[in-house]
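In what follows, chain A forms one complex with chain B and a second complex with chain C.
What follows is the complex of A and B.
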């Protein structure tokens, strides 16, 4: 494999890894906050991509207007999602009710998207284009790199960094986590659990939706985008359940393994990724960073 | 922590269920086989004559009415309804008005098999037009043989005809013929000597890929593992494949996939910098489909396609169909519409040849179909139960597929 091919494949793998990481972070945040594995995480990405495509294609909003409007939409989606899928079931006697509700939400989101936007995929223009309106290419040392992948990595990395800082370094983030872990004590101390849980859901929806928007120009907006969640789940398993750093690194590994497997095992890409999960479950079931979590628990 | 464990357990249970249900689909077919009444017993179709049901002939339709392939279902029903209205307006089939019994196959084999099994158990249905996806058709073929009902497999895999099921028929040209035509056009017209073959690993396209490889070898082109780029049907990221193709010195691309992946392949080929003026691009029938061109936009331009359905029609009947379709639905047609439209007309022709709408008589009537003009091609009975006789070759120019050649692979 020559260096040029290696670089272009690595860029693609990292870009996909970043998108999986955004989904994986959302999964971890919800597991930490409310103990729910969200099976609709990938569908939130798909729905977010549809929303942004609608603002761009149907309402013809320029980027600087589209960003704040879509953020408002994501907030609304996050709140609706929480108050319909989680909140009414949070005290259900059957502990899996909230998890199963997310499976239902996955189907609802898919069908709702088809109902609103139709069965045809939608094409979004790339954020950076050349003079002919074709997707922009960035040349580094003579190696052509697609701008959309580069932007996906940059935007994803910034978001991941900000959320990591919020939950790991800032007082507000720690307060949110504490409130989620013991809502009774938090309420007694004047921190409303409903506010912290709502904020977590909004962050989760924003993460997924921005990921959807970034990959939409390359992969089109389709109701099958939700299948990306399986890769995010693989990243979570590899990184270690409950660990944000682990989920990010695990997702990057999944993205890279996926891309480079096409070189050596074309046609068995999915098999390679899921074999990797099985290997981890056999050899290191706690994941790469699982040890710390076990200590904390 | 309990919920976390529960989540992991649920995911594993889901994965197991997915694998198990795929096995169950086959098992269900097999168990149906075991319960088959002895040949001397009266079949449900014989015990109840649909001709006695007040001038109605019921045709079962299997299509994805919901789920990710809903668009395919819309085309399917548009084509079927158009044929239904035309035939009913002209007096129906031997005086019987057509009525549809629709089975929703959603987007997976399990639902497709369940929907078909339900239709197979309905004695009032005379014939079934089955799924566009060959693997779904193959899964129900043992049950079709048990029910002794004429069944049109709308897929194009040669795996269907290889089953030698006496009640299963195909109107589309099967991959054996497509493979030869694709290879011949790639080598003789596009001068490919070292093509990259991209194909969906779904059984239909894996099978078509094998047919292309065999035909290429017959033409003296050596195909090794390095030429093959298989991808899962749900693939969305084709850039790694194109980067390898660009770096590998291939002199052409032959791509084989369904319509939705075809659109993504066209779009990502352009993004990756694949120039059709330098590397000729040849695709299966999906690459000239309306779904592909609409979604890929200008990125679909330049692609050649070996097509069982040429949008706009490759013959007089096809052109008439397209004109009527556009007038009725105010949009161009696509392969699923033409396939179900033609299947219904072939059923009509067979019933008229047989002079009956009894299942067994209709099945025998299908053997009498000869040089019957259809939208896809002229149809005739052959021992392989495949009616089609011709394929078209198109090139996408300025967002429209232009028919540039037609290949009759066997005389009608």
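What follows is the complex of A and C.
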């Protein structure tokens, strides 16, 4: 393998890893906040990709208008998601019920997308294009790198960093974490659980949807994008449940392993990724970074 | 169904008899095919019921074993590998072989608990799907394997869907009875204890690990059996059936009818397969309605239709001031 191919693959792998990390981070925020494993995470990404692409292709909004409008959409989606899938089920007697409900949500999101935007995949032009409308390419030391991948990494990294800061450093984030760990006590202290949980859901939807928007030009907007969530699950498992840092590194590993194994065993790339998880689970079930919160979901 | 001749059991049996008598006379061709597939799926869903309903362990692995059973059957009976077994011994061999395989896999995966175990089964589905979809010598790759002989029972070949129906309903009843026997056995009670409180079960001296492994083995064997029937019934096996989305569908099927209720599983499997066909005019909205239905069911009745029935029954009994039956769960 020559160096240029290696660089291109590494870039693709890291970009996909960042998208998985955005999904995985959302998953962990939800596990921490409400103890629910979300099986509709990938479909939130898919829906976000559809919403943003629709704003660009159908409403022809420029980027600076598209961002605030789509943000409003994500807030609405997040609130609706929370009040339908989580809120009525928060005291469910059968633990599997909440998980099955998210599976139902996954079906609904997929079908809604198909009903609204049709079954055919839509193509969204990359954010940076060259003069001929082809995907823009960045040359670093003679190595061609697609701008879309580079931007995905930049945007994803900034978002992940900001949300990490929010939860770890800011007072609001600490409040939210407290509310998550013991909502009863937090309520007594004057932290409204419903507000913090809503905020968590909105953040999760934003993370997933932005990921969808960034990879839409690469994968096309289609309703099967939801299956990407399985790789995010893989990242979560490798990193250890409940550990955001671990999940990010785990997702990057998944992205890289996936891309490089595509070169060597094209049809079997899923085998390498998911055998890796099974091995990880068997040898080191607590993940790379051993989560402080054991199996809570 | 503890008491031998409760009115409930009589109603159920007579409904079943009616179902057996009427269905093959009314339906034929495509619609019969749908019912038959529902029956085969019910066998797989019974496996999930043992794991999820009795033991509380969420597993996606059913489609892996179902695929394994189907491909095993296909390879044994089509002369692809130079083996040409008669169909009946091959069909009976499948659950035995896959009980063994499921036992070994269960020994590994059930070292994990709770969500970790669920994830490992998702990973298993992905791995097996990739192999089913790509490895040509054993699984025929994306083209699948066609030309599988149909079931040959002592010289009688089951060629029409209507004759298949009788075989399948017979097998479903046998499997249902086995599952019902397991529920009342020591294994079933151990599983229930593990579901309700694993630590408490451990303290009571239950071998939690082995109990789960045995449940996983039973689920695997049933899924493989269903898969073997499925490939003989359709005369074809392709990898599409064994992906993650279908794995989720099986779990929904089991949850819908009532994951811990033998009759409920049967009804759930029929509903999931047959309802979309009946409401074909609503086709484009069907899946959407389906999704809403699942969520509503989980919100209001997490124990499925069987739970709904139990609750209505309890209400009526309460109103009639009759003696309440203790079969609540």
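Simple rule for what comes next: the second predicted complex is superposed on the first by the 290 of 297 C-alpha atoms of A that agree within 3 Å, B and C clash if a C-alpha of one lies under 4 Å from a C-alpha of the other, contacts with A are read in each partner's own complex, and residues count from 1 in each chain.
The rule is simple: a contact is a pair of C-beta atoms (placed from the backbone, for glycine too) under 8 Å apart; a residue touches a chain by one contact, two chains touch by 3 or more.
Because the structure is a prediction, the values reported are computed rather than measured.
Once the two complexes are overlaid through chain A, chain B and chain C clash, as defined at the top of the document. Of the two partner chains, chain C is the only one that A:97 touches; chain B does not reach it.
After overlaying the two complexes on the shared chain, residue contacts for A:111 are found with chain B and with chain C alike. Applying the stated contact rule after C-alpha superposition, one finds that A:12 touches chain B and leaves chain C untouched.
In the superposed pair of complexes, A:61 makes contact with neither chain B nor chain C. After overlaying the two complexes on the shared chain, residue contacts for A:263 are found with chain B alone; chain C is out of touch. Look at A:37: by the touch rule set out above, it reaches both chain B and chain C. Of the two partner chains placed by superposition, only chain B is touched by A:220; chain C is not. Of the two partner chains placed by superposition, only chain C is touched by A:275; chain B is not.
Within the superposed three-chain model, A:120 lies in touch with chain B and out of touch with chain C [touch as defined at top].
Chain A residues 37, 95-96, 98-100, 110-111, 227, 233, 241, 267-270, 297 lie at the interface with chain B in one structure and with chain C in the other.
Only residues 52, 56, 58, 108-109, 111-116, 118-120, 122-124, 126-127, 129-131, 133-134, 244, 248, 251-252, 255, 259, 284-285, 287-288, 290-295, 298-299, 302-303 of chain C touch chain A when the two sit together in their complex.
Residue ranges on chain A touching chain C, taken from their complex, read 37, 39, 84-85, 88-89, 92-101, 103-108, 110-112, 115, 227, 230, 233-234, 236-237, 241, 267-271, 273-275, 277-278, 281-282, 285, 295, 297. The residues of chain A lying in touch with chain B in their complex are 1-2, 4-5, 8-9, 12-13, 16, 31, 35-37, 95-96, 98-100, 110-111, 114, 118-121, 123, 126, 134-135, 137, 144, 146, 148, 218-220, 222-225, 227-228, 233, 241-242, 258-260, 262-263, 266-270, 297. By the touch rule above, chain B contacts chain A in their complex via residues 1-4, 6-8, 10-11, 66-71, 74, 201, 228-232, 234-237, 239-241, 243-244, 247, 260, 263-264, 267-268, 270-273, 291, 294-297.
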